[in-house]
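Take a look at the structures below.
Here come two complexes built around chain A, the first alongside chain B, the second alongside chain C.
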Partner chain A sequence: MKDDEVNKPAEQTAEATVPLTEGVYGKLLKENGIASTPLPESIGIETLEVQASAVPAAMKFLREQAKLNFLVAVSGVDSPDTFDSVYHLWSFSKLDELVVKVRVPKSSLPADKLPEVPSLSNYWQTADWHERETYDLIGIRYIGHRYLRRILNPWDWEGHPLRRDYKQPVDALNDKHPVSMR
Partner chain B sequence: MTSIQSACVRKVKQKKVAIDTQVPEFKTDEMIINLGPQHPSTHGVLRLILTLDGEVVKHTECVIGHLHRAQEWQGQNRTWFQYQALIDRVDYLSGMFTSWALCAAAEKIDGAVVPERAEYLRVLVAELNRISSHLLWLGTYLIDLGALYGFPFYPFIEREKILTFFEEVAGQRMMYNYIRIGGVQRDPKASWFKKVEEFTKQFAQRIDEYEAIVTENPIFLKRTKDVGILTKEVAMAYGVTGPTLRASGVDYDLRRFKPYSVYPKLKFTVPVYNKHGDTWDRYMARVQEMRESNEIIKQVLDMLPEGEIMTKKQNAGLRVKAGEGFAAVESPRGVLGCYIISNGSDKAYRFKWRNPSFSNLSVLPPLLENRPLSDIMAIFGSLDIIIPDVDR
Partner chain C sequence: MSTSTTAVPEELKDTVTLSNLDHVIEFLSRFLDPVANLARSNSVWPLTFGTSCCAIEMMHVGMSKFDISRFGSEVFRATPRQADLIITAGTITRKMAPALITLYEQLPEPKYVIAMGACTVTGGMFNDSYSVVQGVDRIIPVDVYLPGCPPRPDGILDALLKLQQKIRTETYRDRRKKAYKQTAVLYVDYDTGRPVDDLVAEVKSETETVLAESVGNANPTQ
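What follows is the complex of A and B.
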């Protein structure tokens, strides 16, 4: 297994040449003044890209008006060119599903700055722990989160382990840890 | 109330007012105390930082991650074939469901067709697994409440039988690796189905026995009735799922709401309790769910068709087509989802697990607020949280 094959983006293989049409929720958002771009559908499920600044308004609309009131997960993805914050929205009362993605291009980021996305945690309690997890593992800084602290790793851990360029600090089984007293 | 009694009450009230005006209100300092990380009732390694006012909990912070094994990282660095053997260690009480979520997402992306017999076998082992998971919860929950006298081991008798079934069909008692991408690992013998059938025949009676001991027990009622009331709105805002959500009155079960596999062909009811949403309701939701699972198993044994059980070759070169997808199953603890981004190679680009325990645990701080210290374990236990499932 070569490294470059692992790091190959998933999107390149999907057929994205055909101009995509807007789905139901894309139209709804447009009618309410929130711009969104349709992305190649993930197995028949409508997928939208929303600008980072529009996330709180879009989520508020989708939760209250569009009744997508079940935030299944907030995931972070270290894509080849972007850092993605992916929201899977379901509903407790209907069968519709929606995937909302926020993409922060890597080219616009200074070397030691984390990508920034507005937080939903003050408005939607599910997002609280999920955003902390994404911050911990992928390193997306959620602006406005009251307690953005590492949740799965120790509080003083360095680096974000699920990034593709992450290097393990030490081989925990075979090496001596640089700060250990052994 | 007689006139003498009311006069007394009035006198006491007057006296109290008089005292209050003379002495300033008695104030205590809040105390911060750690519960865990090693506490016998946390079923794993969970640390709660409690702010106590006397014996009343004012604020809770959950510190998780002590059992973090970087399962998502491991998924990105292991082949599909290796990872599907690894993943049922996440929730060790219901490994079948974790495998199933992974396989469902991978099959969705890959477009792999699962043979019908394999689907029925999946439902069969999954429902057996649901019963075994709830049985362990029932036993340990009674220990959490202080019933150390022997009841906790009654459910373990039945659980032991189920684990023996799994040992025979998958080779292991807890880490099965039975459900694979494209089907199931192997076809059980005819004698195995007979044993399961015998088990289902007597199991309903066993549940009656547990209920006779526990459900109307006055001590149990005192510890659980009106304790830890979780309202519908709070549960939905925190993304709570599973029996915990259904005990709060939301009729949301993926098996019926978004039917997957062969569940549409099976007849079963989903127990929903819409009165209180307290600890006792959560207990009842799980116990009734075991009855329903037993009924499902009976139906599956009758309906099981003949045929293939696997469509994909199970070897180290196992690959899944490029694409991304999210699939979820209803595990004993709630919606267990898996988000996969595949690039067509033998390793996935990204795995993300949506574990029910993770979201269910996040609702603990509001539930514990203003409850006495002794209620912590009654409430925490009723959420049925598995710490490895939280930490991954």
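What follows is the complex of A and C.
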């Protein structure tokens, strides 16, 4: 697996040149008709990118056929040109993990519209609160979530704090103290 | 206790009214204060209020190694109605701030606050945060500031001893001046997010101006 990372910048991330250990789950998904692209980003953990529309089918396959039955976390990333929804999966029976990313390019969104990704909360109950946290902090709307509302910030908070362009509102509660050194 | 400034009616002048009792108590407090303050300072009962990591240190100080009950805090009361000290152990976020204010207002006088840990003293490591209140003294009055992240249990005991010293040296009159109108619950309008008292006051002043104008229109002056 180490020489895969060394070879990665030299060759393109095409499935034909990816060695077997890198593409196990990618191959399994491809056999079942779900297209996925391998990504080189995790520390030795296989990372795949799937399209947003393929998420329910891919997760169902990964949980049932590939035995990745533990959803560790659902998180979000505000990359420079995409919003990512990241799913970490773990398999208890095979002791193996997988990272699945769904990237929604920012250019495909009109202004002030949130990226939309199908929700896994009806399939995995973990995803319920994780998706609420991602909605609260990054602002990815999960379609099919039973009640998508803010979980960490107050219910009437405006904005999504962990975005790159978030400007925090400064009022009497969190402004700079007169003798502060910041 | 009433601090009324209305005149006492003739027929009641020979009875003892509440305002007279006030003066008597204030006079007696010169002698009773040292005794009462000593008694009060040696039995300060805190409220169980721990939001984050400092709460662990507060639990330590309640356990047998650094025993806080040997300094008088025999029990940590779970209800604010029976406590007289809040040790704000933990970060106070903007979501938690109304709850803390409600708890503080539900404590009966005389009440004290120890701001424990860097987060409650000045916002601590969350100095630039969008959601952390930069110091709990922005929302409630604080008596003793205890820095540390988290402060050792010995530090909490030191702060408690300083608070006890402060209690022993205060007077009834100063304490009553500081006491403000207790509102256990602040009614806030759901749609605008403003206190209902403010809205009521606004409407009242508006009606007064409208009435004054209409009276002015009805009786036009030359």
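As a convention for this text, the second predicted complex is superposed on the first by the 147 of 182 C-alpha atoms of A that agree within 3 Å, B and C clash if a C-alpha of one lies under 4 Å from a C-alpha of the other, contacts with A are read in each partner's own complex, and residues count from 1 in each chain.
Operating definition for what follows: a residue touches a chain if its C-beta (ideal position, glycine included) is under 8 Å from a C-beta of that chain, and two chains touch if they have at least 3 such contacts.
For clarity, every value in this text was computed on a predicted model and none was experimentally measured.
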* What is the contact status of A:R146 with respect to chain B (first) and chain C (second): first, second, both, or neither? -> neither
* To do: Check the residue A:W124 against both partner chains and state whether it touches chain B (first), chain C (second), both, or neither.
  => first
* After lining up the shared chain so the two structures overlap, which partner does A:K113 touch, if you call chain B first and chain C second: first, second, both or neither? -> neither
* Name the contact category of A:I43: first (chain B only), second (chain C only), both, or neither. => first
* **Of chain B and chain C, the chain that contacts the larger number of chain A residues** => B
* Report for A:P169: first if it touches chain B alone, second if chain C alone, otherwise both or neither. => second
* Check the residue A:D156 against both partner chains and state whether it touches chain B (first), chain C (second), both, or neither. => second
* Asked: Considering each complex separately, which residues of chain A are in contact with chain B in the first and with chain C in the second?
  -> 152-154, 161
* For the complex, which residues does chain A have touching chain B? -> 1, 5-6, 8-10, 13-14, 42-43, 45, 69-73, 75, 77-78, 86, 88, 92, 95, 99, 124-126, 128-129, 133, 137, 150-154, 161-162
* Asked: Can you name the residues of chain B that touch chain A in the complex?
  -> 64-65, 68, 70, 72-73, 76, 108-109, 236-239, 250, 252, 257-258, 322-326, 328, 335, 337, 339, 341-347, 349-350, 352, 354, 358-359, 362, 391-392
* Mind listing the chain C positions that touch chain A in their complex? => 94-95, 97, 122-123, 127-135, 138-139, 193
* In the complex, chain A residues that touch chain C -> 152-154, 156, 161, 166, 168-169, 172-175, 177, 180, 182
